[in-house]
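What follows is a single structure, and I will ask about it in a moment.
When the chains are written out, they are named A, B, C and D in that same order, and each has its own residue count from 1.
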Amino acid sequence: MTIVISALQYLGYVLIFPGFLFCFLAGMLLCGIDRKLVAKMQKRVGPPVLQPFYDFFKLCGKETIVPASASKTTFLMAPLVGLAALVVIQLFIPVFSFSAFSGMADVIVILYLLLIPAMSVILGGAASGSPYAGVGLSREMVTIISCELPLVLVLLAVAKTVGSALGTGLCFSLSDIAAYQAMHGSLITKISMLPAAVAMLLIIPGETGNHPFDAAEAETEICEGLLAEYSGAPLGVYKLSHAIKMLTLTSLFVALFLGGLGTGFVALDGIILFLLCVVLTAVSISFVHAITARLKIEQIFKFYWTLVSGLALISLVLAWYGL
Amino acid sequence: MDLPFVKEALQQLFSKSSCAMYPVVPSEAAPNYRGRIVYHPDRCIGCGMCERVCSGNAITRMVEHLPEDQGDKITLTFNLGSCTFCATCADFCTTHSIEFTGDYHMVATKEEDLLVSGSFIKAPRKKPAAPAKAAAPEKAAEGCAAAEPAAEAPKPREDGKPVNDPAKCVYCTLCARKCPAGALTVDRAAKTWTLDEDKCVACGTCAEACPKNCIIL
Amino acid sequence: MFKKLIQESMGKSPWLFHINAGSCNGCDIELVSVLTPRYDAERLGFKLAGSPRHADIVVVTGPVTKQSLPRVLRAISQVPEPRCIVTMGSCPQSGNVFRGSYSVAGPLSKYVHVDVDVAGCAPKPEAVIDGLALATQILKEKRGQMK
Amino acid sequence: MSPVINALSYQHFPIYAIMVLFLGAFLIAVFGRNRTARNVLALLSITASLAFILALIRPVMLGGEIIAYWLGGRVPAGGYAIGIALEVDALSLFFALIVAVAVFVSGVYSIQYMRHDDNEREYYTLFLMLAGGVMGLVLSGDLFNMFIMVEVLTFAAVALTAFRNTATGALEAAFKYLVVGCIGSTCILVGTAMLYAQAHTLNLAQLAQLLPGNLNTATKVAFALLFVGFGTKAFIVPFHPLAADAHGAAPASISVMISGVLTKSGIYGIIRLTYFLFQTMNLGTMQFLLVFVGSLSMFICVTMALAQHDFKRLLAFHSISQIGYVLTAVGLCTALGVSAGLYHAMNHTLFKGLLFLAAGAVLHETGTTDLGKLGGLSKKMPHTTVLFLIGAFSISGIPPFNGFASKWMVYQATYQKAVESGNIGFLLVTIIALVTSVLTLASFVKVSQSVFFGQLPKELEHVKEVSFGMRLAMGIFALLCILTGLFPGLVTSYITEPAARAVFSVAQYISAMGFDASGVAAESVVSFAHVGVWEPISWLLILCIALLAITIVAVASKYDNVSQRSGEAVDTKYELFYGGEAQEFSQVGGGDLFWGFKHNWRGYFDFMYRLHSGVVNDYALWAVVDLALVMLFSLIVL
C-alpha cells in the first residue's frame, strides 16, 4: 500500500511538480518573458508573454515533413528523447531544500546529462541530412566544447568550497550543497564564489544557445542550422526543449549559488524558484541579447576559454586556498 | 570586448515603446502619398494619353460602339495590381480626371478587387454640316478670283473639332505634335493643315498649343 | 478543445518566409521595416523564419523571373500545410514595369494559387500588416478545414 | 585423489587457458586447410580459454585466493625460484578476463569478417598466437616468461598488421611497428637481464621481495628499461603514432586485439613493475611520472584524433587517449584511483572493440574508411548505426553507458587525490580529463555525421547490412557496454575492487609463492569511498517514465502523423532545402569539421602536424629520447 502511495508520489514528482508540467509551464513563461524583455530593451512592444505557447500549439497543428534523405526514426525520436532527458535533469536539481531525486546524481553527472539534449539536437539534425544541419552541428559542438571548460571550473569551485566547509574535502552532491546553503546562507555571499557566479551567468546563454552565442541556429546565415529540416510538432518539441533548458540552467544557478532562500513549503518554493529564474534570465539572457550582436564561432570559443574560464579559475583558486 | 548600448538598453527598458500600434491606432498616409486611384469618368474625354504614358501597362481603354448613333461607351480600367503609382497618367491628363488618393489599403484576395474602372458615353459625332458642304463649290468658283479680301475667320464647327485659320497660321506644326490622337498633319512646305476627323477626339490640345491662336474650336 | 486551441494559436503566431523573386529591393526593405521597432510586427506574433519548413506564410516579392521561377516553386512546395502565399507589391501580381520582358515568367498566379495580393509599389508597412493579418485569417480557415 | 580429478581442479586452469590457445594455433596451422575445421578449432580454443578464465572468477576474484602454479612442479629450491611459474592473483585474472572476452568476440567476428581474404589459416594461427601471448603475459609469474610472451605477441601483431599487405600502408605500418616494437622488446629483455644479474632470480614474487629497499644503479636503469618497454606495448605517448598506423592498416578484428588487448598488456606490465617489483608508487614523483604521461597521452591523442579524417586512425588515437585515462587513474596510487583505472581499462576494451568492429563493418561493406568518402549509412545499415552509437556514447561518457561510470570515478579519484594531497596539479588533471571527454564526444559526433548520417553518396547505393555473425559480435560488446554501465556497483564490488585490492596487497602476492614477505608492508587498508552519487537504474527508470509520458502526449497530439515521400517519385516537397536549388549531393566533410575550435589552437596543431612526421626514424628517435629521459628520471628519483 505504502509502496503504491510512494510510487504515485514519485510519479507526481516526475509528471507534475518539478517534472514535466512545471517544466512546460515555467519554461514557456520564462521564454515569453525573455522575448518581452528583449523587445522592451529594444524600445518595442514585443510579443505577448504567452507567445511561446501559441508558437508551440501552432507547430503542433502543422504538417510534419520527413525529408526523403532523412532516416525517419532518428529524425522523429531525437526530439522526444532530448525533452525527456531535460525533464529528468530538472528533477535532479533540488528546489531549495526540497529535492525530488537529487540524491541520485551529483553535479558531474548533471554536467554530462546536459550533453544528452544537445546530442539529441545534433543527431536529429544530422539525421535530416541537410548540409545546413552539418554546418550547424559543427558550430553547436564547438559551442558545447567552449562552455564545457568554464562550467567544469565553476562546478569544481563550488564542490571545493562546500566540501572544505563540510569537512569532507569536496562535495559533489547537489542535495548536500543545498543543505549547506540552507544552513550557512547562499554561496554567492562568499567572495570566492562571486567570479564563479558571474562566469555561470555568462555560461547560461551559451549552453542554451541564446543570442549572441547562437551561431549554431543562425537563421539568416545557415537557415537555423540543425533545425533547418524540422517542421511541425518535432520543431515545437525542440522549441520547448530550448525553453526548458533555460529554466534548467537558471535553476541550476539557483541551486548552486542562491540556495537557502527557500521557505520550506514546496509550492511556495516553486514560485520563489521561478521568480529567481526570471530575474536570472533577465540578467543573463535578455540583457546580453539586447546589447550584443551575434558572435562568430571562433569568437565564442575564444570568449569562453579566455574570459569566462579565467573568471571561473580565479574563484577556483580562491576556493582552493580557502578564501 | 566592450559592451555598447548598456545604458540605452536600461533606459528603454523603462521608457515607452516607439511602436506605431497600427491595426489598433489607424494611421494616415503622408500628404501627397500616391495611393489608390480614383477615376472621374465625367471629366474624362477618353484621349488615351494616360494609357500611352503608363509604364506598367496598368490602364486599359475599351471603346464599344453603341447602336443607333448613341455614341461610344469608353471604359478605362486601372489595374492597381500592375500600377507603379508614378502618377504620370494624372500629370498627363488634360482634364484632371485621374486622382491619386492617400488610401493605401490595397489588399485583396482576388485580382478583381484591385481593379478601378469607370466608363462614360461619348456623344456621337455629327455628320459634317450641310453649309460646309455647300460652301465648297462656291469656294471653288471664287477660286479663280485673284485678289480678294482675306477670307474671314472660319466659323467653329458644331462637333467641337478644330478649324484652322489659314490667314494667321504659320504652319509651325506645334499643334500636330501636341495632338494626342495624331489627327493633325501639317506640311510646312506645302503650307497645308489637314485634320483626320475620325482620329480627332476634340480635346482642344491643339488650340491650347497654337502660338498664333489660329485654331478655332 | 485541443483542436480549437491549435486553431486559435494558428492565428496568433504566423511565421514568415520571404522569397525575393527578382525584386528591386523596395518591397524587401518595406517588409523588413515591418519588423523594425517602428511597426513591431512581433507584437502580433509575426517572425521571420530562416527555413521554409518553419514558415506559415510565404511572402513573394518581385516579378517572377525565369531564373527564380523553379526556385520559388520548390521553396513554396517545401512549406508544410497549412500554408498561405502572399504576393507583395505589384510585380508578382502582374510583372508591373517588367511585364513582357524576355526574362520574366510571372505573374505568380499562373503557377500557384495566391491567397493574398498586397498592391502598392512598394506597399506601405501598414498595408503589409493588413495583408499579413488577412493571410492569418485564411490560415485559420485552412487549419479548420484540415482533419 | 585420482589424476583426472586432480587435472580438473582449478589450480590447473591458468595453464589450460594459455595452452588451449597455443594448441589451437598449432592445430590450425596443421589441419587448417578446410574452412569448417579451421573455424571450429578457432572457436573451440577461444571458447575453452574463456570458460577456464570464467571458472577462475569464483575462487580468485571472490575467494581472494592467489593461485601459484609451478610448471612441472619445480618448486623453488634453496630459496630461489628456478622453475617457470604462473601466479594468478585478482589483478592477473582481471586482465585475463578482458583478454579472454575480447579474443572471444573478435574471433566470432573474424569468421564472417575474414572469409573473403585468402590465407585464412595463417590468420587464425597468428590470431591465436597473439591471444595466447597476451594470456600468457598476464598470467605469468615470471619476468622472463613475460618477455617471451611479449615477443610472441609483438611478432604475431606485426604479422597481422601486415596481413592485408595489398592495402596501402599496411607494410609500412608493420615496419614501423616492428622497429619500435623491437626497441621496446629489447628494452624489456635488457631490463630483465640486468635484474637477473642483480637479484639472481626472475620470479616476480621473489623480485618483489628482494628488490625494494636495496636498489642500485643497475636496477634503476633496469626499471627505466622495463618501463619504456611496457610503455611501448601500451602505445602511450610518445609511441602513439605506431598505434595509429597499425590500427589503420590491420583488419578490424586485429585492431580490436591491438587496442583492447595489447595495450592492456602494457598497462599490466607497468602496474606489475611499479606496484609490485619496485613498489615505488608511494613516491610522489613516481605518481607524477605516471599521471603526467597519462594526461599527456589523454590530451595529445584526443586532439590528434580531432584532426583525423580516417575512421580507424581516429579510433586508434582515441584508444591511446583512453589508455591515458587508465594510466592516470592507476598512477594516483589510491584505491579508488586504481579501481577506476581498471574499470576504465575494461570498459575501454568493450567500447573500443565495439567501435572497431563497427568500423570493420563499414569497411567490409563500403570498402573504405575515409570519412570524406562515406555518409548516410544509417539508412542502409541501421543495426550497425545503433551499435556504433552505443559505442560512441560509451567512449564519450554519455550516461548511462559504461564509459561514463568509469570516467566519473576517474574524475573523483583525481579530485580527491588533489584535495587529500593538497596538490593543485591533480586538479589540473581532473580538468584535462573532463575537457578530453568532451573533445572525445566532439570527434565521435564528427564520425557519426560523416559516416552514418548526412547524405548517401551515389556509389554507396548498393550497400547492405552486414551479416548476422558480425552483428552478433558487435551486439555482445554493446550489451556488455550497457550492462557494465548500468550496474557500476556490481562491477566495482565484484571485479575491479578485488583487482585493485590485489594491487595493494603485495605481501600476499609474495607469500603466495612461498617467499618471505616480512620485508614488505602487509596489505595497506584500502577504501573505495567516493563522494559522488550516481544511480543509473533509477535515472533510467525516471527517463523511461518521462519518455513514456511525453510519447503518449505526442501520439495523442498526432505527432506520428507525418507526411513522407511515397515511393521513389521525385517530389520537391521532400527534397532538402537548398535555398531553393535542386537537391544535389553535398555532404559536410568530416575533415575539418570543428575549425572553430582548431582555429584558436592552430599554433598547437601546426606543431603537432610537424611532430607526427610519419618517418620511422623520428619515432625510433622518440623512443630513445623517451628511454633516456625515463632513465634519468629513475636514476634521480628512485
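Following the convention adopted for this analysis, contacts are C-beta pairs under 8 Å (C-beta built on N, C-alpha and C of every residue); 3 or more make two chains touch, one makes a residue touch a chain.
Just so it is clear, the model here is predicted, and its values are computed rather than measured.
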Checklist outcome for this item: Taking the mean of all protein C-alpha atoms as the centre, the chain whose own C-alpha mean lies closest is A
Item to check | Chain whose average C-alpha position is farthest from chain B's own | outcome: D
Item to check | chain A and chain B: spacing of chain centres that average the CA atoms, whole Å | outcome: 69
Next on the checklist: Based only on mean CA positions, could you tell me how far chain A sits from chain C in angstrom?
Outcome noted: 35
Checklist entry - On chain D, where are the residues touching two or more other chains? => result 557-558, 571, 573, 575, 577, 579
Checklist entry - So which bits of chain B are touching at least two other chains? => result 17-19, 21
Checklist entry - What positions in chain A touch 2 or more of the other chains? => result 39, 42-45, 60, 63-65, 132, 223, 228-229, 232
Checklist outcome for this item: Chain-chain contacts, ordered by label, are A-B, A-C, A-D, B-C, C-D
Next on the checklist: Give the list of chain D residues in touch with chain C in this complex.
Outcome noted: 557-558, 571-573, 575, 577, 579-582
Checklist outcome for this item: Counting only contacts in the complex, chain A reaches chain B at residues 37, 39-45, 287, 290-292, 303, 307
Item to check | Residue numbers on chain B that touch chain A, as the complex places them | outcome: 1, 3-6, 9-10, 12-13, 15, 17-19, 21
Next on the checklist: So in the complex, the part of chain C that touches chain B is made up of which residues?
Outcome noted: 37-40, 43-44, 90, 93-97, 99-100, 109, 115-121, 123-127, 129-131, 133-134, 138
Checklist entry - Within the complex, which stretch of chain C touches chain D? => result 2, 19, 51-53, 68, 70-75, 77-78, 147
